[in-house]
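Here chain A shows up in two complexes: once beside chain B, once beside chain C.
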Partner chain A sequence: MNTIIPVENHGVLAALRGFLKRLLDEKIVEALLVPLTHGGSVSPALVTNSAMLDEADPLMPIMPINTARAVSALTGKKAPTKLGVVLRSCEIRALVELVKLQQATLDDVTLIGIDCAGTCELDEFLTSNSWNNESLAAYLSAAHDGIEPEIKPALRVACQMCVRPAPENVDIHIHLFGADTTVVLPMTVKDEIAEKLHLTEAVQGEAWSVESSRVATAQLIGIRQKVRESELSSIRAKMNSNGGVAGMFSSCVRCHNCMTACPICYCKTCLFKTAAFDHEPDYYLNATHRKGATRMLGDTLLFQLTRMNHMSASCVSCGACTSACPANIPVGSIFSAVAEKVQAAFEYEAGHDVAEALPLITFHPNEWTEVGEEK
Partner chain B sequence: MTDSYEPRIIAFLCNWCTYTGADLAGTSRLQYPPNVRVVRMMCSGAVDPVYVLKPLLDGADGVLIGGCHPGDCHYQTGNYKTRRRYVAMREILKSTGLDDTRIWLRWISASEGQRFAETITEMVASLKELGPSPMRVAWAV
Partner chain C sequence: MTNSPRVGVYICHCGINIAATVDVHAVTDYAARLPNVVIARNYTYMCSDPGQALIKNDIAEHNLNRIVVASCSPRMHEPTFRAVIEEAGLNPYCLDMANIREQCSWVHPAGTMTTEKAMQLVESAVAKATRLEPLQTRQVSITPSAVVVGGGISGMQSALDLADAGFDVTIVEHAAQLGGHAAQFYKTFPTLEPAGLLVHELIDRVTTHPHINLMSEAEVTDVSGYVGNFNVRVKRNEEMTNVPAGAIIVATGFETFDPHRKPELGYGKYPQVMTTLEFEQVFNRQSQIVNPKSIVFIQCVGSRDQAIGCGDGKPQTNAYCSRVCCMVTAKQARLVREQFPNADVTVFYMDVRAFGKGFEEFYDQAREDGVMYRRGNPSEILKRGERVVVRAEDTLLGEQVEVEADLVVLAVGIKPRANSEAVAQLFKLSRSGDGFFMEAHPKLRPVETSMAGVFLAGCCQSPKDIADSISQARAAASAAMIPLMRGIVQVDAATSYIDEELCAGCGQCAAVCSFSALSLHPVRGKMTVNAALCQGCGSCALACPSKAIMVHQSTFEQVMSQVSALADWNRLSLPVEAEAV
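The block that comes next holds the complex of A and B.
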C-alpha cells in the first residue's frame, strides 16, 4: 500500500530516520543495514541499536561500495536473523544477481529501496567537501522534478546514464521521484509490514501521487536514456576504431580494483589472483623473439576479456569498476556496452527477476541449433 | 599473405567424442593439414573462455572447440552450456571490435573421423584466407 510519512521542521532525513527506527523498534527487522555518516562520507553499517540511526544518511549522494556485497556477507545461504537492507536500485539489481549466483539470500530479508537520483565519485565528493542542507534540498528538488540534479561534483557517469533509477521488487519503496519531500516522504510498503506498523493509506495530492511519481521517473529515465545511448555509442566507436579495445585498456595496470569493486565478481580465488599467469622466465624471452617486444605487465586484455565472459551477463551497470580504476579507464561504460549485447542475445535483463535463470547456467535444447553444425 | 604463412590452430577436444573422432581420423589414415595442436578436455563444457582467449591473444591464428553433438553429451548437458558460452564469447569479441571468426565450435562424434579431417582442412583454408592473426605481433596485450 502507499503511505505518506509527514515531514516536519527537521526535514526529510529526520522523517526517514524516524521510519527506519520504527522498523527496528517494532521488530519488523532485528538488524538494519544502512549507510551511516562516517568522516564526511557514509559507510554501510549493520545496526541493531536504533539510537545509532541518528547517524543514518541514505540520501548522501555517494556509494563507496556496491552494498550488495555486504548483503552477501550478511546472509550467505541463510540470514541469521530478520534483516532489513537499505539499498540503491543498482545495489538491489546486483543483490538479485548474487542470489542467483547462490552468494546471498532474500529469505528473511526486508528490501528497502530508495529512488536514486544518482551518486558522485567518492574522491571528488570528499575533496569538494561542500555537501550541506542546501545541496540536499537541490538534490531532492531535482528528484521531485525528474531532472538531473545540479550539484557539485557532477554525478558519476554510470549514474548519468542509469535508466533504472527506481528500485524494483522491494518490500518498501521510498519515493523521491515526483515527491515534494519538503512536506511528505511517500512510500509503497508491502501490506503485511504496513499492517504491523499501522500505516494508513496515503491521501494522494499535490505533494505526491502515484501518477506524479510515474511521470517524474519516466522523465528522468528519458533524459538518462539519451546520455546512455551517446556514451555507449562513443565507447563502441572507440572499440571499433584503430587501437580498439586493446588501446582502451592500454593503461590498465591489472591492479584488479575493478574486479574487487565489482559486486558480481564473487569468486574467492580468481584465476587472475593465482600464479597461473606467472610464467617461467624463458617464456617471456620466447614470446619476445616471436613478437619483437613483450609488455612486462602481460595479460591485461586477457584479464578484461575473461572478466567480460565471466560476468557481463550479470552486469548491472553500477559503475563501481570505473570508480575503482586508478588509470581512469571507463571500465563501466565498456562493460555496459558489452553487457547490453550479451544480455540482449539471451533476452536477459540482469537484476530484474530472481526467478529468471542466469543465461550461462541454463539452456534450451532447441536453441542456436545451427551452431557447431556448419559444414 | 606470404606463401610461408601456415596458420596455427589450438584445438580443445572433448574426450568422448571429438578427440576420439580425431583418433579415428588418424587410425583411418585420413589426410589433413598438420596445423593443429590438440588439447584433450573431459568435456567441451569444461573449456573456460580464458583457455580460448589466452592462445588467441598470444598469437594463435585460430581456436577450435570440439564437442559431442547436442543431446549426446557424456555428462548429459555439458555441450548445451558450451553452446551458450560460445554465443556469449563471440558476442563479446564482436562488440569489442575483435575478430570473432577465428573461434570455431564444431560437434564431431567419435565415429566422424572424416568430419574431423574435413573440419581441420576447412579451417586451415579459411584461416589462410584471413591471414595471420594481428595478435602475432601485438606486443602490448
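The block that comes next holds the complex of A and C.
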C-alpha cells in the first residue's frame, strides 16, 4: 500500500523518526537497527527503547560501514526476535547475498529501505563539518528532482555510479525520489504492516505520486549510468594497459581493509590471515633465482585475485572497499568492472532476490557450452 | 617414525608400456637425488609379486616410511600398493602414486621431454609423499538387506541370488507384472527355447521366495544414506515406505528405438511395417499374418546410426551397436522360414555380428534355411498396391534393388529409458555418452558404479542379450554380497574434514557435493561431514573460500607442495645422495 506521512514544521527527519517509533511502540518489531547520530557522525545501532529514536538519522549522507554486516551479526542463521532494519539500497543488496550465503536470515526481519541519493566519504564529511538543515534540504531537493545533489563534499565514486539507488524487494520502501519531502514523507508498505498500523492509502498528487517517483528514479539512474560506463571503461582500459591488473594493485599495502569493510566477505578467518601462504625462508630465494626478482611480501596480488574470485559473483558495488583503502586504489570500481561481466555471464543480478541461486554453486548441465571442448 | 620422511621411489616399466617411451633408468637416477628420497628402484612390473617384494624388503631394510610408486593410474593399483605397504607395517595412506603411464608414456612420443615429464610427476609425488599423514580407516556396521530396482530378468536374477544367499531383498517394479521386456519374447536365440518358460520360472521363484518382498506398481522417490546403510523411499499407491538396505542394484532396463524417427521406413504409416518386438507378439498369437509370400527384415534401425539422436533431449547419436538385433533377426527369420516355408525371407544388413557362443552357427543355419541376406541399408519403403516395396542398394552387387513384401520387420535397437537422467540423479550415477548408466571401470569394475554400494545389472548399463544380462545380474548380486556378508564396511579415511574454527556454515560445500555428504549442524551452525558418504572428490574444498573444509590425502599443504614442485620446473642437478638401483 502507498501511504503518506505528513511533514510538519519540524521537518522530514521528525516525521521519519515518528514513523520508526510507531514500529517499535506498536510491536511491529521488537528491536530496530537504525543509524543513530553521535559526535557529528552516525553509526548503526540496535534500538529497543523508542525514545532513543530521537537520535536516529537515516538521512545523513554517510555510510561508515555497510550495515548488512550488522544484520548478519544480529540474525545469523535464526533471528532471535522480530527485527526491523533500516538500510540503504546497497546494504539491502549485500544483505540478500549474505542470506544466500547462510550468514543472515530475513525470517522475522522487516526490511525498511530508503531511497538513497548517495553518500560522502566519511573522512571528508567529518572534516568539512558543514552538514546542517540547509544542506539536508538541498540533498532532499535533488532527490525530489532526480538529479545529483550539489553538496560538499562530493559523493563517493560508488554512489556517483550507482544505478540501483532505490531499495528492491523490501517490506517498507521510504520514498525520497520524486517526493516533495518539505510536505510529505511517502512510503510503500506491505499490506499486513499497513493494516496493523491503520495506515491509509495515499492521495497521490503534486507532492508525490508513483509516477513522480518512477520518473525521478529513472532520471537519476540515467545520469549515473553514464558515470558508471565512463568509470568502468576507464578501469577496463587500465586493466588492459601495460601494467594490467597487477599494476592497479601495485600500491596495495596488504592491510586487508577492503576485506574487512566488504559486507559480503564473510569468512570467519580470511585465508590470507592464516599461515596458508607462509613459506620457508629458502622458498623466496629459490623463487627469486628463477624469476630474477620477487616482490616482498608476496601475496598482495594473490589476495586481491582470490577475493575477486570469491566475491565478483556477489559484488553489489557498494564501494565500501574503496572507502577503506588507505592507498587510494579504486578497489570498488575494479571489482565492479569484473563483477559486471561475471554476473552478466551467469545472467545473475547480485542482491536482487533471495530466491535467485548463487551462480557458482548452481549446476546446469548445458551451461556455458561454448566454453567446453569442441564436439 | 613419521617425523622425518624416508621415501622409497619405485618406477615401473609396465613391460614396455612405460619403458618404451620413458627412460626409466634416468627417472630412477633423478628420483634418487630428490630430497628425502632414500632409495629409488625400477622394475618390469611393480605390481607383480617380485615387484611387491622389492618394496616390502626395502621398507624393512631401509626403514622407509613413505612410498612413491610411479606407474599406472591409482585407479588401477592404488589398492594393491596400499595393501603392500600395510603388510610391511606402514600405514596404507603413506603411499602416493605418480601416473607416468596414462598421463605420460601413453600420450607422448619417446624422447627427453617425455622422460622429463615423468621426472616432474615423480618429483611432485615425492613432495606430496613427504607431507602425507597416516590415516585410520573406520568400520561401520551394515543393514544386511538389498533393494533391487526393476523386475525384469536382470532384477529378478539379482534378487534371487541375494535371497538364496539369505539376504532380504525388496524388488521395486514400476509395472504391475514382473518380467520386463523378456516376458514379451517368443523364443530365445540361439537355442530356440520358449522365452516364456524361462521368464515364468524366474517369476514363480521370485513371488514365492520367503526372502523377497515384491513392490510392484511402485517407484523409488528418494535415496539417502551410504553403502551399508541406505534408506530407499518407495512410493506405491500414494503411500510412502522407507526401505533400509545395505546395497542397491539398479536394473531398470531399456526402451526400444522408436522407428517413427526414421519416417522413410514408413512405420506407423503402413500396417505391414512392424518392429522386432511387435513381431515376437505376432508369433505368440500366431494369428496376424496370413500366408505371406515375402518378408523383409531390416537391421540396425536406430543403432550404428550417426544421423539420429537419443531422443531424451541430449544431442546424441546412437552410434553404438545394440548387440542383440542381428541374432533376433536371424531367429525370427528362421522361425518364419519354418512356419511359412514358401515365403521369401530377405534380411538387409550392414554387418552381421554373431559373436556369442553358438551365434555364428545359428546365423549359418538361417542362411542354410534359405534366408536371403543382402548387404545394404534400405533408403525407403513405399506402398505398392496391397504390398510395400523396400528400396535399397545392395552394396555387394553394387546395384539398386527393390523387394516387394507383405511384411517388413524393423530390428529396432536398444536405448536408455527416457527417465534415465532422473534415475541417474536419484542414485547419483554417471551416464556414458550414449546415455546408459556408467560402470565404475569399463574393464575392472563392470558392475559397480562411482557410488559405493550401488550396482548395475542388465540393459540399463548397455545393450545385452538375456545370457549377458543374467551374467551381469549374478555378478552384481555377488558384488553386492561383499559388503552384505562382511557385515561391516570400511570407510575410506581419505575423506573431507571441517575446521570448525574457520567454518562459517555458508553451505557452499554442501551445494557442490554430489554425494550428499555435507550438512549444516543444526546447533553448532557449522558444516558436518558424513565420512561414510564422502568419496573424497574434493569439490567441497574447492568451493570453500576459507579453507575450512579440506580432504585428507589432498590437503592444501600437500597439493601446494605438488604445485610448487611442478611450477617453473628445472631439472635438478643434485649430487647423488641416495641409492639408485
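One rule holds for everything that comes next: the second predicted complex is superposed on the first by the 368 of 375 C-alpha atoms of A that agree within 3 Å, B and C clash if a C-alpha of one lies under 4 Å from a C-alpha of the other, contacts with A are read in each partner's own complex, and residues count from 1 in each chain.
FYI, a residue touches a chain if its C-beta (ideal position, glycine included) is under 8 Å from a C-beta of that chain, and two chains touch if they have at least 3 such contacts.
In this text the structure is predicted, and so the values were computed from the model without any measurement.
Chemist: In the superposed model built on chain A, check whether chain B and chain C fit or clash.
Modeler: Taken together on chain A, chain C would clash with chain B, as the superposition shows.
Chemist: In the overlay, answer first, second, both or neither for which of chain B and chain C A:R290 touches.
Modeler: both
Chemist: Where does A:C267 make contact in the superposed view: on chain B (first), on chain C (second), on both, or on neither?
Modeler: second
Chemist: For A:K77, is the partner it touches chain B (first), chain C (second), both, or none of the two (neither)?
Modeler: second
Chemist: Check the residue A:A337 against both partner chains and state whether it touches chain B (first), chain C (second), both, or neither.
Modeler: Only chain B is touched by A:A337; chain C is not.
Chemist: Looking at chain A, which partner touches more of its residues: chain C or chain B?
Modeler: B
Chemist: Taking the superposition as given, does A:M239 touch the first partner, chain B, the second, chain C, both, or neither?
Modeler: A:M239 contacts chain B only, not chain C.
Chemist: Just to be sure I read the superposition right, which of the two partners does A:F346 touch: chain B = first, chain C = second, or both, or neither?
Modeler: In the superposed model, A:F346 contacts chain B only, not chain C.
Chemist: Does chain B (first) or chain C (second) touch A:I361, or do both, or does neither?
Modeler: It touches chain B and chain C both.
Chemist: Determine, under the contact definition given at the top, whether A:T300 touches first (chain B), second (chain C), both, or neither.
Modeler: first
Chemist: With the touch criterion stated at the top, can you tell me which chain A residues are shared between the chain B interface and the chain C interface?
Modeler: The overlap between the chain B and chain C interfaces on chain A comprises residues 271, 290-291, 310, 360-363.
Chemist: Can you tell me which positions in chain A touch chain B when the two form their complex?
Modeler: 236, 239-241, 244-246, 250, 271, 287, 290-295, 298-302, 305-306, 308-310, 312-313, 334, 337-338, 341-342, 345-346, 359-365, 367-369, 371-374
Chemist: Across the complex, what residues on chain B touch chain A?
Modeler: The contact residues of chain B facing chain A are 49-50, 53-54, 57-59, 67, 69-71, 77, 80-81, 83-89, 91-98, 105-107, 136-141.
Chemist: Help me check something: in the complex, which residues belonging to chain C touch chain A?
Modeler: 501-508, 511-512, 520, 525, 543, 545-548, 556, 564, 568, 570
Chemist: Show me the residue ranges of chain A that touch chain C in the complex, using the header's touch definition.
Modeler: Within the complex, chain A contacts chain C at residues 76-77, 101-103, 266-271, 274, 276, 283, 290-291, 310, 358, 360-363.
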